[in-house]
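In the two complexes that follow, chain A is the common piece, with chain B as its partner first and chain C second.
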Partner chain A sequence: MRRGLALLAYAFGAVLRRRARSLVLILALVVTSGASGAVFLLGESLRATSDALLDRAPRLTLQALVAGRPALLSEVELERVRSIPSVRAVRPRVWGYLHQEALEGNIVIFGMEATELAAGRAAGLPETLAADEVVLGAAFARLLGFRQGDRVALALPGRPGAPEVLSIATVLGADTELAFGDAVIAGPATARRLLAIPEGAATDAVVDVFPPEEIGVVSERIVAAVPGARLIDREALRRRRALTFEARSGLASAALMPLVLAFLVLLFDRLSGLAEGERREIGILKAVGWSTADVLAARLVETAILGALGAGLGLALAYGYVFALGAPGLAEAFLGWSNVRPAALFVPAGGDAVILLLAVVLAPYLAASIVPAWRAAILDPDRAIREGS
Partner chain B sequence: MTAPVVLARVTKAVPDGRARRTVLAEIDLEVAGGELVVLAGPSGAGKSTLLSIAGAMALPSSGAVTLLGEDVVRLRDAHRAALRRRGVGFVFQELGLVPDLSLEENLRLPLVPTGGPDADEAGRIEGLLEELGLGARRHDLARTASGGERQRLALARALVRAPQVLLLDEPTAHLDPDHAAALLARVAAEKARGRAILLSTHDPRVVAHAAVDRVVRLEAGRIVR
Partner chain C sequence: MRARAAWALAAIGVGLGLALGVAALVAHRTGPPSAATLALVDASGLFDPFLSSSSRWLRHPSVTERAAALADAPDGLDLDPAGLAIRPDPEPRGARWSIVERAR
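After this line comes the complex of A and B, so read on.
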């Protein structure tokens, strides 16, 4: 313990005495760990946010396809599903996309029953919506500067020049942006009118199965009962989203590889090229009784101090960049380039993710420093003192 | 009883282009406790190399070195380092101070691998700093010290572990007569404490000093008398 503390104190002193070299390495590590940390934290945050949203999504959703295109579900088809054993309830949903020139993008219209609105009170939904009222997603509202009480004109495909004008009952909070940023929530009748969906038909349906272990069997029976049925299992969707963010995170990490390699080369070069004074100092240490292991330990501790400072600072900057600033520039690569997209990211990474990241960043750094440290430690003291003098 | 320093048929050859150059040849030398032996000879005679080998800082190409009863050639690096730390004090011709450390930090350097000074060593550091007139400057960087102060600091560091063997390489080379006399007086005092002292020089003041027990003359790597 005493030996460790004494070596630590010596290494700290060496970091301060070799300021120029220390600063170069710290700066390089700040850039490398900051860039790779931002990619990792952004991916982790999106995964966590997506998971949190999926936790509230239905376990099983039924859609219909005709010739590979989404089609409406009819009342007859929904009745067939209701009659399958273990199906406790079938709740038809009305939703769809509307292209808006003003946004140069699509918005999503959701029709919500009063019971669904009540369930969404915590998320900021009103208790009821009148026929001419809607709730706006935060990204959509922000992009066009809408606030509660304003009126919004939605262009409809069948009515050029005659938009539907609706009152904004409220605007959803930023914490719902990843799922509802581009949403317009309306009552069911209003949603049908906007999307031209006839009474009785549905875009899709939530199927409540009990017991949940029967989902596999029920799914097979639904496929048999409804031609063109497509079933979306929440857990399958969770895996697909995770893979999506992992793929984007992987691509961004691959783009950073040249930076990481350049840093490792710089590190090896800086640590290998001992200055005359350093050679002499190592010679002195060994001459006064330091063993190769002592010198190696001191060099590695010195490197670890630089690593902890550089990586710590880099990751702190990455954390602020992702969670305080919303990762400008990088978020587009993960969230897509739609005009109506989430502004900020929402589930900050936990301590375990940060510790894992620190370990991942420091591992190659420390590995690259071992050989130079060893080469320094095995210097012959007699030669080092004479040649360094 | 075996002398603290025993060299038997020590030869040292170093690479010189494609060939090897013999720096020391067939050296037999013993330094007993309480004995001050002076290695004299011209520059390039091999004095510094002999001191390095005697202090387990370099290994001979052939021959045997026994330091404080240990066969240096057979020791592993860590044990050789521990032996140097425990039993040998070195004053290098170049002094071997770290210029960016304070005077006191330079003194503490040999003690870092064992966790810093214990109570005895802390007391010895205090005593050496005061005895050698360095107390007031203990926190100043070594680079700011004068030539005389640096020489005294190098001697203090060699003594900080109260070693049984003291090796000094040209210790008076850069000193004026007063400082040289003071240093030799201090060396004589260490001899009186029972330390085995091997000192290389080509300074006639040192060779003629009353405390010197034996002068070994080295020329072209060989002992000539």
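After this line comes the complex of A and C, so read on.
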């Protein structure tokens, strides 16, 4: 106990005595752990968001391809799919994009039937939408200053004539911005008009298969029934998405490697180069009875104090940067440059990920400090005192 | 000596406490998307997060739309024009060729 207290007291005294070096190491660790932490937290939160939404995705989505490009599904094709055994329902969807040059972004127009509007009542969707009524996503409405009850004119690209005049039935809540911030929800006929999709055709279709074990067989039959059909299976997406996010945050982490290496080199250099005073100090400690193990332990405790302070502060700053400030600078690299963008609404990663990150940051730091600590601990006391004086 | 040892422990405690505090904050804030968002996902069947809307093929990478830049790879790994240095999924996608009969 007494020995432990003495080691702690000595280590803390050493941190204070070598203030400049301690500050440099803490700052370097703050920058390294902060930068790694920001990339890690942002990547993990995007992954958590994506996974949570994917859980509610349709199991099977059908698209048509013509000349290798996605095309509209016709009514005949949809009927063929409906007639396949084990297909419980086929829900054609009418949706698409309108690019807004002024905003350097796209808005998503989605046509909803009354049943779909009813399913979205929890989000504040009205029971019905008149021919000129739309529901706007929060980010889009905020960007253009639109509010519930406004009547707005929409000039459709490539279609001369009078612009479409639309009434804003409601604006979706900010809590839906995560996935629908850029949405323009309209009745099916209005969506067809805005997107120039002919009556009966669909952008794609959600296929409900029962029992789900039959999905493989049903998929084969759909491909045979609809030439050029492409099926998007939720479970395949889940696997691919995990790989995508790992690759993305892996690349971002790889970009940080020079920073980490520079830090480790700095650490090794700072801890290896013993000043004259330090050598004399170690020599005296050993002369008065401190063992090599004691000196080694004291040096490692000194390193641990600096490491805990630097890494803790770095991670706290990374948290504030990502979740309080919305990761300015880094978010653009992950999310792109569109003006139609969500506010900082990331679903954070699990807390255990932070502990893992702390271990990942501190392990190389402690490993890199062992050799210099050992070299200091094995100094011959007589030589250390002579050379240090 | 005791005071210095206490300061040393406090310094380590503050550092680790900050890290654990961050972990606790993150764990506390972890939660699924709002009920309203999930209701809209159910109603529309569209589920890609609204992260990037600058290009159509970035907005819904899971269900690429008409004339998308990479229409044949829904949620493919190479959505970004710069691509990835290493493709982590070596399994080929799409139609696979097989030899039915060898030329003599």
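Here is the rule we use: the second predicted complex is superposed on the first by the 365 of 389 C-alpha atoms of A that agree within 3 Å, B and C clash if a C-alpha of one lies under 4 Å from a C-alpha of the other, contacts with A are read in each partner's own complex, and residues count from 1 in each chain.
In this text, contacts are C-beta pairs under 8 Å (C-beta built on N, C-alpha and C of every residue); 3 or more make two chains touch, one makes a residue touch a chain.
These figures come from a predicted structure and were not determined experimentally.
S.K.: Let me test your reading of the model: by the given contact rule, A:A293 touches which partner, first (chain B), second (chain C), both or neither?
M.R.: Only chain B is touched by A:A293; chain C is not.
S.K.: Under the stated touch criterion, which partner chain does A:V15 make contact with: chain B (first), chain C (second), both, or neither?
M.R.: Only chain C; A:V15 stays clear of chain B.
S.K.: Is the number of chain A residues in contact higher for chain B or for chain C?
M.R.: The larger set of chain A residues in touch belongs to C.
S.K.: Applying the touch criterion given at the start, work out whether A:D382 contacts chain B, chain C, both or neither, answering first, second, both or neither.
M.R.: After superposing on A, A:D382 lies in contact with chain B but is clear of chain C.
S.K.: Have a look at where A:I305 lands relative to chain B and chain C in the superposition and call it first, second, both or neither.
M.R.: In the superposition, A:I305 contacts chain C only.
S.K.: Counting only touches as set out at the top, which of chain B and chain C does A:L237 meet: first, second, both, neither?
M.R.: The second partner, chain C, only.
S.K.: Quick one: is A:I284 in contact with chain B, with chain C, with both, or with neither? Answer first, second, both or neither.
M.R.: A:I284 sits against chain B, while chain C stays out of touch.
S.K.: Which partner does A:A6 contact after superposing on A: first (chain B), second (chain C), both, neither?
M.R.: Touch partners of A:A6: chain B and chain C.
S.K.: Please work out whether A:R56 is in contact with chain B alone, chain C alone, both, or neither, and reply first, second, both or neither.
M.R.: second
S.K.: What is the shared patch of chain A, the residues that chain B and chain C both contact?
M.R.: 5-6, 10, 13
S.K.: Chain C touches which residues of chain A in the complex?
M.R.: Chain A reaches chain C through residues 4-6, 8-13, 15, 41, 46, 48-50, 52-54, 56-58, 61, 63, 65, 68-72, 91, 93, 95-97, 99, 104-108, 110, 112, 116-117, 119-125, 137, 139, 172-173, 175-183, 185, 203-204, 206, 230, 232, 237, 240-241, 243-244, 246-247, 251, 301, 304-305, 307-313, 315-316, 318-319, 323, 334-338, 340-342, 347-355, 358.
S.K.: What residues on chain C touch chain A, complex-wise?
M.R.: My answer: residues 1-5, 7-9, 11-56, 58-60, 62-68, 71-72, 74-77, 79, 84-86, 88-89.
S.K.: Along chain A, where are the residues that touch chain B in the complex?
M.R.: Going through chain A, the ones touching chain B are 1-3, 5-7, 10, 13, 17, 277, 280-281, 283-294, 298, 380-382, 385-386, 389.
S.K.: For chain B, which residues are in contact with chain A within the complex?
M.R.: 48-49, 52, 55, 57-58, 77-78, 80-82, 84-86, 88, 90, 92, 94, 96-101, 105, 109-116, 157, 161
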